């Protein structure tokens, strides 16, 4: 059975969604159980895959038994295995969280279709990660995107539906530009298989079509990952989506788009093309740097907590892109570690925001006064998550920052270091604001100072249920564990980076 | 100098961490149990730290490798004479401050005391970690832990001005650390390929003088806790904290962690040979002198007692940096000794300020006329503490200043000598009037029924005042550690 | 394949496309889109892609037009811009 | 828009046409091996026939034959047939969707493969038909939720 | 405002036209797609899958997984419509 | 020049159609019209793909057969390339799926705001 793991990780959630819809007429409700079980299975399988890949090299799986390039091929190598574990983990943890929250936010009558779409979204993302075929990637991109559009649309606020529409239009433009890129590669080489393409492309690197296709890939996927000038759809969509969906969108969907971009850059087009033929380094440097600063700067102005988190994703995507622009191993390791770090931290932050909404319905930052005393566990989780995002040592956030800065210095781009640090400072400012309000500002009605001491000592603790508190807590603790045991993600990322850069 | 492996440093570090769950469990409902744990933890920690003294005095260096984050980034601990020196001061004063805290917090019936004690324990963990860190990354980690764990202490009152002050506190400390300290570490790593401290310095011969100077400036600016101008204004702002916090953290743990880090960087990253070769030591010395004078003058203008103490701290911290930057044996000796001398003197003064606040509910110096008659013990202790800071014999402060003077003569820096003397004069000018006013001023009638604070508060401050006198006569443990440090650095 | 037929179809397609996005009445626009899809299907059939042409004829000119019309009826026919 | 129109011509013509359309659709599905067409196109045409039914007789009247509940079951059933065939191949020792390993009593691998193709065409056909009607019904029978928050 | 959007469109079009120059001639039997992967589909379809319609054989056999994806896409669309428009139903 | 244009006329048309659709998508204010643009945009891409599969002098990709038996030897040059056709079948399905979802969203927007003009939807929630 183990040899079929690459396909099982994708097909289990997808089939789960079929079964969910098939069973909806039964008396008892199983949709949550099926979804959680499916994502959990996928998570276990992906762990086993990562283990196999790490010990004995890439796994190739021929779908339908047809050898590539004629058939479709699934490839799990050290990079996709790594990202797969991250994404399956986040989607599993989030689905645990979903049990209570969905009923309240989407309505009792919508849970079946909600969970069916959730599984499809997860399955689509896994499919993007493991596929070794450019067109197959497009198909799974569309599965996950379509599910994403609809799920954003059921957000509680009225405007969510408009956000969903804008997301759909821009997402489709991005995907279609990607498709044109695929077409141009196809007409120049006659193949769609990534490994085959990377064999055929070097001979025609100078061709204008190939360069144009590269530009289309980058622009299309940049739209999907909301890189700076194309970020317009993200804050609305991520900020207004239901609280179960925001973490998936911010932690998985855009990360997977980033993954796809790196896949296209390094596996299809080789590093030789990216760094020598086209001015990708300069473009990424500019794009990433500006994204970091502008993203962080825009975040400062937000008054809604989910919107703030959403804007911060724009800046964080900049980090990932920036790591590519150094064209060296260290920078790439930074990017890859940041994928992991951002995924778990941002997901946990969004989940805490979700339990806040579940419990109180508040999203305005200014109304969070005194929350630290009412929901201490959730808010502690939020605080640690925020520290991780800032990049305080002993969290994974620090590891990626460290590697990125070293990568910049190694590449001789010392002027990037202040940019990275400035962005970290801006992060500190906007998260610090929230933390201060949550913990140290008391409600006006309750009074402050030490004159009315007895009063807020006794404030009744009103923590969210365990199933809402635990998931973000797990993610945050992982960030700490892997911040201390950083050699684990770093070793994995180093292996992935060596593979992408074609180094021994 | 031999190195031995031992888990003693780890044990010492773990003590406050282990204490935290106990403190939290005891919680608000059983304050006595909670405070018992605090005191027990502080005593155990001190004993463990002190147990390392004989071995370190015998010239050994205790090392422990905790873990490797990833290749090139290790969490290592190393107890040498200098680290132990700081560790002893911090852990000993924690005991005294714990007693004082109990009295102070109970007198005011403060809220959120559990949070207070927990954060206190974490800060001590941070401070001790700074003392025992073996490389730049470890020191940075504990430095940040210290910053973050003191933030809830500073903001403790939760009043608007507390929030404002704490915001400034965090902005300065975290901001400088991220903006300057981190890039300095990045550059160091790129240049030297290692971050481990070494007696000879790790940067020597690895980079151009310009690069060295850039890294040096980044480090000095990045270690905001040393309160060098222009990054000093967080310290007065942090005075919104409860007095025990100001006393232990802003006279000892936090600020001393700052200067300790500066000294570590100067001694063990750059190395004194490299610095004197490039002339950066002298530059730093003049920079520190500037801070000494300006801060002293600013202290003169303050009416709020704690603010005046804060500015005095700013100025005194620069003595330490000044001593180190003289790069002469005597000067370094003076700087290192000043860490302990100033700690005991200044903590006495802060304790007194807290005691005054409890007893007469006054914060401003102008309102303290005649209180000496009502609270004579406190004010006398204040007097002793002030004399120690000014540098009168027979107080500990004299010893360190004497070495500083000798050091400046040794380095042929007459201007520095003048600075030290002028500043001592200024110290007198801003402390002695307080004492004079307290004993000989007209007493406000409202204070007629004022009396000394509880013995929980008074005993610790008397104790510290006496110790700062004892240190003049018996400075051996600290003196020997300082001498060992200097010997290791100068290689003779 | 006949070169001129191909050319005429291409012209038709472009004209339909421009018309579909400029006509004021949405229902007409949708019908024009159906015509566009149909011409497109013819074009593909002429290129030998019979399966695609078949699909486009049934989906583009059929199903998606039905969806569009249903949606237009549910909302409004009038379009401003 | 699915109000029942009192138009006898449309009703009669639909009644006559629909069976033919459906038979054609089935032909398209089954004959996909030899001529243009296949599961997807056939499914769309089959769906179209039911949409025509709904248009002519109204949603209420055609409720008996096509309801949303049946449609969702059909849709997931179709997709399950497809993915299930893949799974069977996997369980029989082949890779996923490797029809050659299907346990069919046929003499040669190509023929087994052809049967596998037919199987998934049927699955796709059922699924696509159901989904086409579902989307149409969802759009056409949408009633305002009066969401005013 | 429309100028800006027009500019984006022209830019994209320009990019495609820039690349067009190096495309193989239209209908060229020796273009890469005609000689690399597809010949096997054409020549072996009957032999390997027993299906004369090459589109069907590629669609449902060689690249059947794409077709599963395609079916899943439309399934997603169906569920999405239900989620968005039906409050009561699944 | 003319030769150049004619030999790639399909490509030219596809670029033109793509620009028309793209322009409609990003500059039209009516939500349904944007979707019409989306359809045109995606159809243009399909046209491009189909054009890549064309071979001069080749026939449709169905082997000559009678009752399931092949009656003529198969050569690659005789038939057009089936692969782009397969890909584009998928693309068409994606297109209709996107259209379906988008139309559902438009209907919900109309329900919430009573308009399908983008500029009439209020920027901020009341």
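So that you can tell them apart, the chains are marked A, B, C, D, E and F in the order they are listed, and the count of residues begins at 1 in each.
Please note the rule applied: contacts are C-beta pairs under 8 Å (C-beta built on N, C-alpha and C of every residue); 3 or more make two chains touch, one makes a residue touch a chain.
Predicted, not measured: the structure shown is a model, and the values here were computed from it.
Counted as hops between touching chains, the shortest connection from chain B to chain D is 2.
Located most centrally within the structure is A, per distance between chain CA means and the overall CA mean.
When you average the Cα atoms of each chain and compare centres, the chain farthest from chain A turns out to be B.
By count of C-beta pairs in contact, C-F exceeds the other of the chain pairs C-F and A-D. Taking the CA centroid of chain C as reference, the farthest chain centroid is that of B. Per-chain Cα centroids separate chain B from chain C by 79 Å.
Centre-to-centre, using mean CA coordinates, chain A is 30 Å away from chain F. If each chain is reduced to the centroid of its CA atoms, chain D and chain F end up 23 Å from each other.
For the pair chain E and chain F, the distance between mean C-alpha positions equals 9 Å. The multi-chain contact residues of chain E, meaning those touching 2 or more other chains, are 12, 16, 20, 23, 31, 33-35, 37-38, 41, 46, 50, 52-53, 55-57, 59, 61, 63-67, 69-78, 80-82, 84-87, 89-90.
Taken residue by residue, chain F touches two or more other chains at 9-10, 16, 18, 22-23, 26, 51-54, 58, 60-62, 65, 68, 84-85, 87, 89-90, 93-94, 96-98, 100-101, 103-108, 112, whereas all remaining positions touch fewer. Remark: chain C residues 50-51, 53-55, 58-59, 62-63, 66-67, 70-71, 73-74 touch chain D in the complex. Considering their complex, residues 69, 72-73, 75-77, 79-80, 83, 86-87, 90, 94-101, 147-149 of chain D touch chain A. Against chain E, in their complex, chain F makes its touches with residues 7-12, 15-16, 18-19, 22-23, 26-27, 51-58, 61-65, 68, 70, 74-79, 81-87, 89-90, 93-94, 96-98, 100-101, 104-105, 107-108. On chain E, the positions that touch chain F within their shared complex are 2, 5-6, 8-10, 12-13, 16-17, 20, 23, 25-29, 31, 33-35, 37-39, 41-43, 45-46, 50, 52-55, 57-59, 63, 66-67, 69-71, 73-74, 76-78, 80-81, 84-85. Those residues of chain E that touch chain D in the shared complex are 46-53, 55-57, 59-61, 64-65, 67-68, 70-72, 74-75, 77-78, 81-82, 84-87, 89-90.
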